[in-house]
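Going in written order, the chains are labelled A, B, C, D, E and F, and every chain counts its residues from 1.
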Amino acid sequence: MVVELVNPYDVAIHQFDEAAERLGLSQAMRAILRKPKRELIVNFPVRMDNGDVEMFTGYRVQHNINRGPAKGGIRYSPAVSLDEVRALSMWMTWKCAVVDIPFGGAKGGVICDPHKMSSAELERLTRRYTTEISLLIGPDSDIPAPDMNTNPQIMGWIMDTYSMHRGYSVPAVTTGKPLAIGGSEGRLEATARGVQVVAREAMRDKGMNPEDCSVVVQGFGNVGGIAARLLHEMGCRVVGISDISGDCIIQRALMFLRRCVILADLAA
Amino acid sequence: MVVELVNPYDVAIHQFDEAAERLGLSQAMRAILRKPKRELIVNFPVRMDNGDVEMFTGYRVQHNINRGPAKGGIRYSPAVSLDEVRALSMWMTWKCAVVDIPFGGAKGGVICDPHKMSSAELERLTRRYTTEISLLIGPDSDIPAPDMNTNPQIMGWIMDTYSMHRGYSVPAVTTGKPLAIGGSEGRLEATARGVQVVAREAMRDKGMNPEDCSVVVQGFGNVGGIAARLLHEMGCRVVGISDISGDCIIQRALMFLRRCVILADLAA
Amino acid sequence: MVVELVNPYDVAIHQFDEAAERLGLSQAMRAILRKPKRELIVNFPVRMDNGDVEMFTGYRVQHNINRGPAKGGIRYSPAVSLDEVRALSMWMTWKCAVVDIPFGGAKGGVICDPHKMSSAELERLTRRYTTEISLLIGPDSDIPAPDMNTNPQIMGWIMDTYSMHRGYSVPAVTTGKPLAIGGSEGRLEATARGVQVVAREAMRDKGMNPEDCSVVVQGFGNVGGIAARLLHEMGCRVVGISDISGDCIIQRALMFLRRCVILADLAA
Amino acid sequence: MVVELVNPYDVAIHQFDEAAERLGLSQAMRAILRKPKRELIVNFPVRMDNGDVEMFTGYRVQHNINRGPAKGGIRYSPAVSLDEVRALSMWMTWKCAVVDIPFGGAKGGVICDPHKMSSAELERLTRRYTTEISLLIGPDSDIPAPDMNTNPQIMGWIMDTYSMHRGYSVPAVTTGKPLAIGGSEGRLEATARGVQVVAREAMRDKGMNPEDCSVVVQGFGNVGGIAARLLHEMGCRVVGISDISGDCIIQRALMFLRRCVILADLAA
Amino acid sequence: MVVELVNPYDVAIHQFDEAAERLGLSQAMRAILRKPKRELIVNFPVRMDNGDVEMFTGYRVQHNINRGPAKGGIRYSPAVSLDEVRALSMWMTWKCAVVDIPFGGAKGGVICDPHKMSSAELERLTRRYTTEISLLIGPDSDIPAPDMNTNPQIMGWIMDTYSMHRGYSVPAVTTGKPLAIGGSEGRLEATARGVQVVAREAMRDKGMNPEDCSVVVQGFGNVGGIAARLLHEMGCRVVGISDISGDCIIQRALMFLRRCVILADLAA
Amino acid sequence: MVVELVNPYDVAIHQFDEAAERLGLSQAMRAILRKPKRELIVNFPVRMDNGDVEMFTGYRVQHNINRGPAKGGIRYSPAVSLDEVRALSMWMTWKCAVVDIPFGGAKGGVICDPHKMSSAELERLTRRYTTEISLLIGPDSDIPAPDMNTNPQIMGWIMDTYSMHRGYSVPAVTTGKPLAIGGSEGRLEATARGVQVVAREAMRDKGMNPEDCSVVVQGFGNVGGIAARLLHEMGCRVVGISDISGDCIIQRALMFLRRCVILADLAA
């Protein structure tokens, strides 16, 4: 049984320390890069469909903005924690720097269970959360994106809320919007395509032929689901998939690990 | 031996729940008031006199701003924690509301040991911290004040840093400044005077005569020291004082508790 | 039978022309003062309780801002029209100038029937209308107030919406708020008290004694209802009242006009 | 004789309703799209060359800004009306959406007769009108352009006035500026080129050969005049033209309608 | 013959150095206070009544803003120079500090001969100069006032120009406005009243009786003219006056200096 | 011996007048273009490494901003003067216009001797100077660049200081930054490359072959040093160089002037 026991921020710090050691970074630089620059916690009320008011806690963390505006997704999940958001914001800094785009790293999240909320409740939660973090976000300062359990519709609500505060449309305040209001083509499948590219290059590196590979995909949402299709198109044989609930499928999947395992979520 | 074991935020929540019960507040209102609206955590580097760069963590928490701009002090201490700042910001909301002034409640702090820092280091720390929280503070939004280990000089640095960002002087961004740049007369002894007034009214209520009272004062800084003088001027006999270090003095002081004990810090 | 046949803006222009003639104003000055400086019309959707989206039309007109920020109420009524709001904004300019306060004249309104809307619908309508006119309003530029069918609760929603856009509380954006968030004491009965004062002075001028006067009050809302009480307290005999619906009561009231008629709405 | 009897806004609504029906738009969407989001009316004084002050009425209407900043021209004409500007702003929304550029629809105008005004008077009118609508316009919110009786010189005045308010040059606040200060190449003949392209495609669709076509052009300004030249260059025979005054020319032109008539203004 | 040979900034520095010596100011403090913080020079075109464009040079100097917004007049004269404006701005710092009001010191001026310009030219010059210095001025940053050759009308143009940039009236951007738009009562005669008060106190100090004093006043504008009247009302015998042109009158005046000479401009 | 006797602003004006004569510019246009639009002088304190506070004088001059944001370098030198900065700002206007990029002309400088200052002192000077001129600079208004004695590191401090005031990174506030934070590739050698291109084109025009040319380069910093390398790479024979100090080398160099002299600094 696989249980998430580790604190993701500890993981991120561990990875960073190792890299810093190899790079020979100064102690001052290490001290600066180990901690996020800014962490905003907001507690805000949302009226539920049944008339009750519930309080929610949201985060927006900017790890580093030296190379440009902060960039990073917003996730909705009961498991969101400050340390998780911290770790993800740090990883965003490294990701942007590695591909050399002029952005820093940020991440946000709201502790909620979107699967138990109506669309109207999610809209009200999103609009209120956007208002609360609008101190930080903006096209020149910090640009959210979809992440776990958020999607183009939610990005559209963020853009609309931010735009209403400004008095005019600000499409650049978020990426991953619906195409009709300025979203990027290919954004929906982008993470899964990253999985495919990584898998392809790994196979090439190992001298493996896609046609000879069997693939098991863990997760069947925006990343795993599309990755399965793309790997199939690439010639791989997809022999197992799992959705969010499935322990046993993962256990069965372990048998296939002799050839090739794509852990979709790791590439997110 | 007196040890601070309790989490101040737990204390604040406990007090609030009790008051909410007596007031018959709705569940929604209780949920909203139990949590601060906004909590900003900032990690920032400061160059020390020896040339090293050290990272510091600061907080600014706004508990409630419905009645007007947030108001609350900034403390410098190794013991500062997010929960402490949360609790203090909540108490600021109640204090402002009880005396019916149009302000909400906030509090800030930096984890540092000001007794081990030079004046130049404290200035650099203050200026950088001010820059980092200037997202929140301002004459119309959130107005800091001196608190534990901060003083008029530090308020002057905050005002100057904020004013340099604006391009003109903004004296209203902080209270407790030096008189020469707009500080309030009587601000220095204000908290101690509150101690005196509370003691005087308590004595009146109990039918006690100040001349007949012996007083022990715990703490001998900005609050306790001045309170001792004011109580003395009121006619009380000050028979014991303690400074920040002193257990035994407090123990001896316990003997005087039959008549009258002023716990200065409680009134801060 | 009394029927509102006249266009209020024609009335306002007629009054102005007469006053301008007596004052000997230049043609240029008359041309400038006859028209409002700015008229903003907004069309905006509101989700109703049954799930439908309805479009509403709102107005905010600033007649003149030369003497200071514009000031004027917001009314909710099916009879609101651009010409009515224009006329009312012009009258606000004269009112502020006559009592020599440093404000200009403005007025706003939304075409809706607040008696047929739930409180939740009114809140959503108010919040959206506030967002749409927030280009114009603000403590330094234009400050709304309650008017026909709007009240302290609605002013509170306006203040809260505007404040959420700013990120901090802006109590000065509207007058007539609930006392708890900064409303003015005596504001509720202010218009009615104006009626009473005018009546008292008129009686004094005519040599009439309040105790000898019978009074009929047209309208029984915020103005007429309170005026009736105040006139009663002043010693008058209130012999007739009417509410929003009542023709016949007014007809009967005409019989009393030999002595004293207070048309409350004229003093609003 | 051709007389403009129809209200352009009625035309626009009629067109929209027909399109909405075919698209099967929801009632809520229809309600939202039938009305402009914002309509600003400004009344402002301009000093004429003879020293008199005259009042002018101007409009700026934003029909829809969901897809990006509003875009649309400004026209100067005695016939400008709020309904005309409303209709034109709505058409701008559709035009921008049809060619899939990230802009919304707006339009503006001033009631004046530019043919009877000196250049100095037009400059003062333009600068004052720009100041009055600068609540709305800007590179990120609403970008004017030349339209009937406005030209690059007037766009330059708009840009200069707006820039003086900002303290630095803002070329992006308007399109159709003189080339020297950032205007677009080809902008002057752009509308006429649209006429040519539409005509060419219509001929292709009908199987007509430009060389065989006789052309009559109604209007001889920025659109008709250049269109005549472009159609001539395309091989058409231009057999009739009319300027702003000419009824009889149009009547004669009717005889040529057997083959091909280009009504230039319709394509504007 | 009296000739202005001295550079006013040299005078100001000389005075400052003497005062600094007596106060024992540190070298760092002296270095900071000897120079203005900011000096803005603007060159701008104005269209003259004959159609020509002339360039004018204007200044706005802020000597010190530590105690609050800068405060200081604007003068129009052919003799305005950067050094004169520097000196005057420094004196404003001392004046505000001496009477302990929370303002810093500033001064501005335009090189022009207002006696040779029409009212329309002065208005255009004032409006353009205001636009050019609006980087600096504002109710919270720097507040102009009338000075040599500027008056309430010019302050009104400044306020109106600044307000048009903001979109709403900002009366607090300047003092000395016409009363009708928020000017201060008594402002017109304030400087002259200062002359009278200084003279009265000097007489009291010297044991002189106003009724026994003969007075000669140099200058007959806003300061000297009103001072002559106020001194007359105080009982003095005004035996000589001079206007801007008059050498010989001053020479005759020297004979009266045995008793009392009021040099009005020195008190400005 | 070569001595800089001429005032650079006189040179610039002389050049302009000659060009204006050839272009037949109107007197109004000449008057406008002969003077910078805005000149800001700032006096500011910097704490030196020895604890003393020294005052420095800095400038930022915008000659013309009609074609877009102002653009121009910042130089640090004891010889910086207002007239030098004025001349350089005017030349920037012509340079930007000649290569038809949408920028105006500006220049800045600080009177200081950077060769006698530590890196820490230069950082403090740069950060304070940036704060003082941040009224003017910004990506849309005025964009500094490296110039004499300023380099990518100093541009990085400018960007960081400006960004801290804004609360987010603003890389576009300056060009010539380190590549890692958004500097332009090739920027370091750009001026020298200009020297090379001008020399190459001059040789082509004169029918000279690079291989046959001997080259003497005056200056051996960012311009001359790199130009020498580039000319060498182009085939020229570099027979003489001089650094900042060297008279005699220049005298010897005169002997080579029969063939080809590249005065590198003139092309800067």
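FYI, a residue touches a chain if its C-beta (ideal position, glycine included) is under 8 Å from a C-beta of that chain, and two chains touch if they have at least 3 such contacts.
In this text the structure is predicted, and so the values were computed from the model without any measurement.
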{"item": "Both-way neighbours, i.e. chains that touch chain C and touch chain B", "value": "A, E"}
{"item": "B-F or A-B - the one linked by more C-beta pairs in contact", "value": "A-B"}
{"item": "Interface residue overlap between copies chain A and chain D, same or different (over half shared)", "value": "different"}
{"item": "Chain pair among C-D, A-B or B-C whose interface repeats that of C-E, sharing over half of the contact pairs by residue number", "value": "B-C"}
{"item": "C-alpha-based rotation, chain D on chain F, 0 to 180 degrees, nearest 5", "value": "120"}
{"item": "Distance between chain centroids, defined by C-alpha means - chain A, chain F (Å)", "value": "45"}
{"item": "Distance from the mean Cα position of chain F to that of chain E, given in whole angstrom", "value": "40"}
{"item": "Distance between the centres, which are taken as Cα means, of chain E and chain D, whole angstrom", "value": "52"}
{"item": "Averaged-CA centre spacing for the pair chain D and chain B, given as whole angstrom", "value": "63"}
{"item": "Of all residues in chain A, the ones touching two or more other chains", "value": "135, 167"}
{"item": "Contact graph of the chains (line, ring, star, complete, other)", "value": "other"}
{"item": "Touching residues on chain D, where the partner in the complex is chain C", "value": "27-28, 31-32, 34-45, 52-55, 57, 132, 135-136"}
{"item": "Residue numbers on chain A that touch chain F, as the complex places them", "value": "65-70, 102, 104, 138, 140-142"}
{"item": "Residues of chain A that touch chain C when the two form their complex", "value": "131, 134-135, 164-165, 167"}
{"item": "Chain C contact footprint on chain E (complex, rising order)", "value": "163, 166-171, 180-182"}
